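Which chain is which? They are A, B, C and D, in the order written, and residues in each are numbered from 1.
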């Protein structure tokens, strides 16, 4: 069944068209990779799904609900979580405390009494840290951690709310070539436990081929290809505009 | 009809005074991001210095017209003495700290300058009323206005114009605008931000002192003159939008007219007319009238 | 350097402050004196009053005051003054008063200009059972609303000033159909306005109040208010402005011709005359809150005081120092009377209070009599005059001075001043 | 109270020192309560032997500290109000009027009434203020407090600019004797302050408290984690108002007088100063800071009557310069080894 549905979504910033008639349906359990050169409209699309940007036209439905008018918080509460290209973390706090922030934010009970550091919350946080192989860093100040670890923490925090849809904005950007695959393995195994739908913006075609069940290619705000990695990466448009194997024009 | 004209004239003259007093405050905030409570103290220093300078001018047998020059020199002197002391000697140690913390630093400066002023000039009143008569009087219907008040209107226009021109038409000004926009970017482009800070703060002090100097002729200069102007000029720059020159002008006009209206129509409301305006404006324009809200980063 | 001295002071007082105060408590009389040393009331009231206290206490300790005040100090005890700044609000005053009594171990406190401060500190002295003299503040509320045992006020309250002002206008039969008002928007201004308006209703039934301006305290800029006053012509314009506000008002109103359009009357303006000099317009009718300064009566005591103060500060004393000296003279007599009753030993607060209750004494401003508020509130004569700048003397002089005996301008015992005015001044005696 | 979890962390941490947790873990509460009880016991005993002026000074410090405590709660979310005088005055006037007009004399009742009144005054503005940050939050609160000041100056029924006096309260139906009233009110004030400190500590360490800390650093991420920034800010403002109201009422009970200056901007400024001086880590530091300020003010005005403002100003600069993270940082640093 369809989890996310975008219909005729338009968005422009002045002269720049960031989204032109984006129409796409994503089924539960898919691992969709959004590819495209910089400025093709990938992150804009993600920002519109999460309600950070409002489309000029068109609608976005999640889990059968129109989420177009909602703000990021409301969308998050419906089960859409995201990570960031630049991890949005609390540098002065420890890894564990960052996880507890996520837990506290997700906590529905408005509570000035419930300790943030109570055992059940700590356990939940630690279980997630284990899954992301972050347990060893739990007490360290986030600002001191290497980029890859911070990326993982960023995603782990996003997962705290047990979302239905996870949006990863360039999970491997700024990560060295040899770290990339182990890192994606960690992420995917961490996600593997529950059948979670994942949408990830990615530049690296090796990653795309290995981890995506479906590829959606953007160019100048349009979808130029949509299919299995094999099909999509083989299309001329993708080879021309995204991977640059064919000369543009 | 006549009443309306009176209200407008009173509003305008009061607004001009407000603008001269407040414009330095908004400039300093724009550049250094400091809401300077000590602004009131510099105003007081300007008034006292003017008293002394005009006094000396008289002993030097200067023509009465030159008392205006003496008042200008007084403001310059205050800036020349106080800027190095306060900016180099104190404020720069706190740059980059939380802006509310900086407000407290200036509050401490205000307390200190209160007593320093008293130690230097004592508690006896000073009068500099000679210049007040320089521009004659103006008769309109039942009303008589002192020419000096209209001179202040002219001065406000000159000051406002000069600051605007300095910021938008000179190289130093453009650099300052860059710093106002973002000190980090500016310094990364090789701007000596610390020099700009020094310059802006000096000008801020000069403008505050100028306000005090040109107010001196119509008041008795004595302890306590500083307190009155602080919150009023705060209101003006907040309403206009912190850091915006044109905002300060508009804010001054709004406050001036609001007060004038209150005094003529409902004197009982005079006491808090200004704060009502301030609160209302802030509720509908959180950042003031002439401030665009910055977007959140992602 | 300042800080070192400061911390040493802190340490000292925290550890042994109590001890050393107690040590020489017998041969000295420690006197707390509270007035404005900073802020807007320092120039006009606080500092002149404190200056007055300094020279008079000095004279007392030398035994240089004329009889019956010629005993050294207070009945032989050296007077040791402790000065405190009244600036900073009533909350601070309450704390400082407690500190004066408990920490500095003063035997009595003389002070307070601000009505708010007086209202706040009176109950504290009462609760602590310690002796307190309010020397200046104007509000009648203190003794009209409460019965107090340890608190006294050695000067008339503000009702006198405006009643006298209205009576002066009557005595000079100035014709008044309407009058404007400009008073600061706080208790002093509001009360003064009320007393004046009520008095005018009785003395000039035909006169109607017109423009009623209420600039905020410390406004400094009066251009708009002046326009409003000019726009509504009136025979008389009343104001209780004082200090810097009053000076600014005069400086801004004079060139605009307000003083030539209307007879301006000030209820408490004598203290600005030395400073303003020729900038003070001629013909302004003003009071001094008593027969003070240029309106003080001729007497040996007054001459002594006048010279004492003028020599020290080369300017003549105005209302604030007069009010201070009259309270110190009263305190001196009370202490010595109480000592006599106490076998020559230093009296307790109770004995002091008993001695001052209902006391009468001569001051440079005339006879002070503690007759109101069960003998806790003084009444005194007052006077109103008219300004003229004397170019020869290079100073403002007061002419057409009219004196008003205390019973004429103060309510009789047991009657609230406001009711007294409303009732048409029953029992007023000796009015010109 | 080093919990096992942390020791484990030391064992395995690759490099860099472990940082103390931003908020205390649950087991900390028992210890904290014991600490609070101990502190109160010590204060109660000390008050018995202190000279009266010092007891009164400490009473004032504790009552004012309550207002600053509320400000600290807001500071943890990254905003500083410059108009807490408004809630301070609301609490004070509520208690004073209940006493004079309705004859309510019980000290505890009046204190709570003050807190509630301030809460009610502040609540309508909380949703609005929750949108404001930085200097604009400070200035809007300032404007509100100055409007309050103007109104209080005007309303003769509220005593006008002179304010009015409040008689001596009773406690649980008992009249308070002359010689002990100061000490009893001191006990009440310190008791309320201790309770408020404990409650605030619990709130700081709660899930909402952690969200507040997160808002200070990165609002957007909080929203993206499903947390409500505005609700957190609004709640903090209301809580701060309640604390301020308690403080205002307690000050009035001991002072016996109230006036519009309670809502003047300089009053608010001193509360902010105490909060900054204390820093946002420790609740105890707030009351230490408040006491330090009272002592400095009192002694400087006693020993340099002509330059006490100068002394106070130098002192402010001194602490801002050399204790940037506040007095609390003197001991909270050592919290996590």
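Methods note: a contact is a pair of C-beta atoms (placed from the backbone, for glycine too) under 8 Å apart; a residue touches a chain by one contact, two chains touch by 3 or more.
Just so you know, these numbers come straight off a predicted model, no measurement behind them.
Student: Moving only from a chain to one it touches, give the least number of moves from subunit A to subunit C.
Tutor: Minimum number of steps from subunit A to subunit C: 2.
Student: Going by CA means, which chain is nearest the middle of everything shown?
Tutor: D
Student: Quick one: which chain's Cα centre is the longest way from subunit D's?
Tutor: Taking each chain's C-alpha mean as its centre, the farthest from subunit D is A.
Student: Using mean CA coordinates as chain centres, what's the gap between subunit C and subunit D in Å?
Tutor: Using C-alpha averages as centres, the distance is 39 Å.
Student: Using mean CA coordinates as chain centres, what's the gap between subunit B and subunit D in Å?
Tutor: 34
Student: So, what's the distance in Å between the C-alpha centres of subunit D and subunit A?
Tutor: 43
Student: Could you please state the distance in Å, as a whole number, between where the Cα atoms of subunit A are centred and where those of subunit B are centred?
Tutor: 51
Student: For subunit D, which residues are shared contacts with two or more other chains?
Tutor: 153-154, 220, 306-310, 314
Student: What parts of subunit C, by residue number, touch at least two of the other chains?
Tutor: 38, 185
Student: Two-or-more-chain contact residues of subunit A, please, as numbers and ranges.
Tutor: none
Student: Hey, which residues of subunit C end up touching subunit B in the complex?
Tutor: Going through subunit C, the ones touching subunit B are 38-43, 46-47, 185, 211-216, 218-221, 223-225, 227-228, 230-231, 233, 243-244, 247-248, 251-252, 255-257, 272, 275-276, 279.
Student: In the complex formed with subunit A, which residues of subunit D make contact?
Tutor: 5-6, 9-10, 12-19, 21-26, 29, 202-203, 205-211, 213-214, 217-218, 220-228, 231, 235, 239
Student: Note which residues of subunit D are touching subunit B in the complex, please.
Tutor: Counting only subunit D, the residues touching subunit B are 80, 82, 128, 131-132, 134-136, 138-140, 142-144, 146-147, 149-151, 153-154, 219-220, 265, 269, 272-273, 276, 306-310, 312-314, 316-317, 320-321, 324.
Student: Can you tell me which positions in subunit B touch subunit D when the two form their complex?
Tutor: Listed in rising order, the residues of subunit B that touch subunit D are 35, 90, 93-94, 97-101, 103-105, 107-112, 114-116, 118-119, 231, 234-235, 238, 242, 268, 271-272, 275-276, 278-279, 282-283, 286-287, 296-298.
Student: Inside the complex, what are the residues of subunit A that reach subunit D?
Tutor: 50, 71-73, 76-77, 81-82, 88-94, 96-97, 100-107, 109-119, 121-122, 135-141, 144, 157-158, 160-161
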